[in-house]
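Dropping the structures in below, format is structure tokens.
Next come two complexes built around chain A: one with chain B, the other with chain C.
And now, the complex of A and B:
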């Protein structure tokens, strides 16, 4: 048992799962065991969106200090608006809608990296500035009215198999794919190498620029995917649908045990962290906390978890 | 050091001023009636709180961090100002001092545990907002009369916001750019290890910089409610972004302690004017945020062009 624990303790993702289980237990202790399963099912549904963008943000953050994608919320909104508007509630137009939304996200990724590489703007400022342009584009294109998603998209996003959301299974496969991409492919190894030491990576003959480019593209595309499924899940795209995903995308990566200094990524941790954040919200709701208390507790707990889990592993 | 490199350096330093002049000229062109004491006063009113928030952000950027919570923090200060500071001034002052202390504590946490500032401040932004919502669940409250009086000050010839902004820049410039402690602070952004070896505690410097940021955040919140006369928890959410943009527009570098107080204030003025200009141009509200992003990108592109020339020499 102690051997297992000492082995587990070395895993960067373990803290997010411990936090998640603690919050879940606190919630069902309060309800007297009622709704334990339903809470988990709901958490799985809502957490999937955070997991998808978390995977993209993880890759970006892993490429080294200063790399972060702040345009994710705006890209989610743009993709959601483009998808529902092009699909126009018609199942037959599903594919065109997906292609259009992903195309828009592709352009976002291209634009972001263009700012970073060609204009040498720090990624934080580049993605922040581009997010304003993206959001304005979405607002101007969407013109306010909420368009329903086609039934097929809505079904895909809300179907459950034995209590497990279909979407969660899909995202599990995506996560396994990302883990393999990270550990087993030239691209993934290059991302890690750049994060550890960009100079050494360049001198070793790795294509640093192309890899960073691919990473920002990937992040934008995953945000696009989130936008599409989220609009299916919540009955249409809304202009504020990306809200809240900025903190979530960064928090799940950091709480999940990925190094903010770059060079070390962790896929399982993102699952634990995303579930934790959703369950935390559920717990505070169950306790009947007021809006102010909920906000304060969210902030306090996120900072606490990062302080416990994230601190000493990083190096300069 | 050829004459041309020097020229490029001057060019770089002049870029913020040139952007301000350009936006000002464009505004005068779009709406000639603004070219008056009264017009400028009205347009630049909100430049004072924005400039103060920008200076706060600049202190954080000086030590290579980024504060994503300054907007909600300014909102919280506004809520405290419009409630406690108005009703029981002693309690209000105590609460504001606690706010500044919280910023210093945040610095200690970030430094001691080696945490990323963006995550900690993003988390803190929820805490500020939560407290603000609890103090003032719906928009309201009353700003203290003395605050309103200060913000409504009429100065002959030059509009008050311009004088206030220049005064802020001058004070910070003297403190940060000319004093010996200012050099230590900027040095900590440039090379923390070297400063630590020279015997200066990085922890102390960071806490001092964060406390200063908190102090200017408090001034920003108070000046803001002096203008609006009441408060709301969400009153300054946009300030996070304004403050970052202001520092960058003003020629501040993201890393290495290369900042400029005058630049930051000029950046804040430019942003405020850009807002009015976009309204005068009847640009659809949909594109207001986008246009500000575009302005930021254009200025950064110009700077990259100048720097590229610098590097090639």
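And now, the complex of A and C:
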């Protein structure tokens, strides 16, 4: 038991899971055990979206200091608007809609990296300014019109099997794929190497530029996937559907034990962190805390979790 | 002879009708300073502005009526924008403000430069500006009045609030609390912030729902009713009476439920066309008319009987809307 624990506490992702379980227990203690399962189901449904974008953001952040994708919320909106508009509530047009939305996200990734590489704009500024362009495109293309998703997409996004959302199972497979990509492929290893030392990686003969390019593309595509499934889940795309995902995408990466300085990524931690953030909000809502207290508590608890998790890693 | 006099009378009538249109404001320029455009309400607001003011410019009532929107919904950005508008020589600035007091400095600058400032929806407190405010408190209170009529026995309510820390959210919330104080058979068992967005509301409601006892009604602030309905459906709970907020998707959902099982509710919000009221008020002030500094604009309530009609006239994805004509604006100014 102690051996298992000492092995577990060495894992950077364990803290986000401990925090998640603690928050969940506190919530059901407050309600007297009522709704314990339903709360977890709801958390799984909503956390999946944060997990998908978190995976993309994780890859970007892992490529080293200064790398971050701030255009994720705008890309979610654009993909959602394009998908629902092209599909036009018709199951037969599902595939064209998905291709169109992912195509738009692909262009976003291309554009982001173009700004970063060709114009040598720092990623923070490049992705932030491109997000204005992306959102404006979404506004002028969609004109704020909420079109319902085709029934097949809505069903896919909302179906549950024994209380577990179908989407969560797909995202689990996606996460396993990402973990393998990171650990077992040349691309993944290169991402980690660049994050640890871009100069050394370049001198070792790795293709740094191509890898970074692929990473920004990947992040944009994952944001696009989120936009598509989110519009299916919530009954259509809206101009502000990406709101709230900017901080969340970075927070789940950091709380999940991925190094902000780059070079160290952690996939399981993103699950723990995304569930933790959702359950934290649920807990404070259940307690009936006022908005001010909620914001303070959210800040304090997140800082505490990061401090405990980070402090332990330095000891190692 | 008789024919001529008729003609003359007709011509005179035409002149009297044309007169107010080409009054003193035909070479005046009006600007709209808007702090946010990222939701369907604001998009409708800008569209209404466009429609009404373009016609007014074409009719020669004013020389220009240009809308300007800041990209980041920030006070500093809007302050800089208003400073630019002052320098560009607009005669009047119509503002939907990011903050009720943080823009007061720049609003005062505009007033000192002889510019008429009219704020609406997001109003400013600077005394030199005009305010077209909505009685948000009442908007909260009428929801409880409606519920008490529908459910004599009362029950548990879930409250969905707006964006934390915003004046409008506080006011509607106060109205709802007052309503609960008046109709004591109701009890608010849970409260979440939905940020006036369907997705946020859906997420927050889904989170708190498992911990709540049976919910009879949901009081809202607009833009959150459809999301709440989705969350109840996903949780497999019976749909309570959800007050809607005039969004097209909310009205469409209501219609669906009504056709399926006779669902009854009501919907209340502010018409985005209030921007056009602000335009006419600015025009009237420029024209030298006496306009009180504080105006109250009625909110738009849709009842069961008007549902079909409202849904028909509401653009897909938009918000139920009323655009103001000059005559409507004069009525509001006269306090009718």
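Quick notes on this one:
One rule holds in what follows: the second predicted complex is superposed on the first by the 309 of 316 C-alpha atoms of A that agree within 3 Å, B and C clash if a C-alpha of one lies under 4 Å from a C-alpha of the other, contacts with A are read in each partner's own complex, and residues count from 1 in each chain.
The definition used in the following text is that a contact is a pair of C-beta atoms (placed from the backbone, for glycine too) under 8 Å apart; a residue touches a chain by one contact, two chains touch by 3 or more.
Since the model is a prediction, treat every value here as computed from it, not as a measurement.
In the superposition on chain A, A:293 makes contact with chain B only, not with chain C. Of the two partner chains, both chain B and chain C are touched by A:132. Once chain A of one complex is fitted onto chain A of the other, the partner contacts of A:236 are limited to chain C, with no touch recorded for chain B.
Of the two partner chains placed by the overlay, only chain B lies in contact with A:251; chain C stays clear of it.
Within the superposed three-chain model, A:282 lies in touch with chain C and out of touch with chain B [touch as defined at top]. Residue contacts after overlaying the shared chain place A:306 against chain B, while chain C stays out of touching range.
Using the contact criterion defined above for the overlaid structures, shared-chain residue A:203 touches neither chain B nor chain C, since it reaches no partner. In the superposition on chain A, A:45 makes contact with chain C only, not with chain B. In the superposition on chain A, the residues of chain A touched by chain B in one structure and by chain C in the other are 132, 135, 139, 291-292, 294-295.
Residue ranges of chain B in contact with chain A, taken from their complex: 66, 109, 113-116, 118-120, 122-127, 129-134, 137, 241, 244-245, 248, 254-255, 284, 286-294, 296-297, 300-301, 304, 307. Partner chain C is touched in their complex by these residues of chain A: 27, 30-31, 34-39, 42-43, 45-46, 132, 135, 139, 142-147, 158, 230, 234-236, 238-241, 243-244, 278-279, 281-282, 285-286, 288, 291-292, 294-295. In the complex of the two chains, the chain C residues touching chain A come out as 37-40, 43-44, 71, 161, 164-165, 190-193, 195, 197-200, 202-204, 206-212, 226-227, 230, 234-235, 248-249, 315-318.
Those residues of chain A whose C-beta lies close enough to touch chain B in the complex are 66, 68, 115, 118-122, 124-125, 128-133, 135-137, 139-140, 246-247, 250-251, 254, 260, 290-300, 302-303, 306-307, 310-312, 314, 316.
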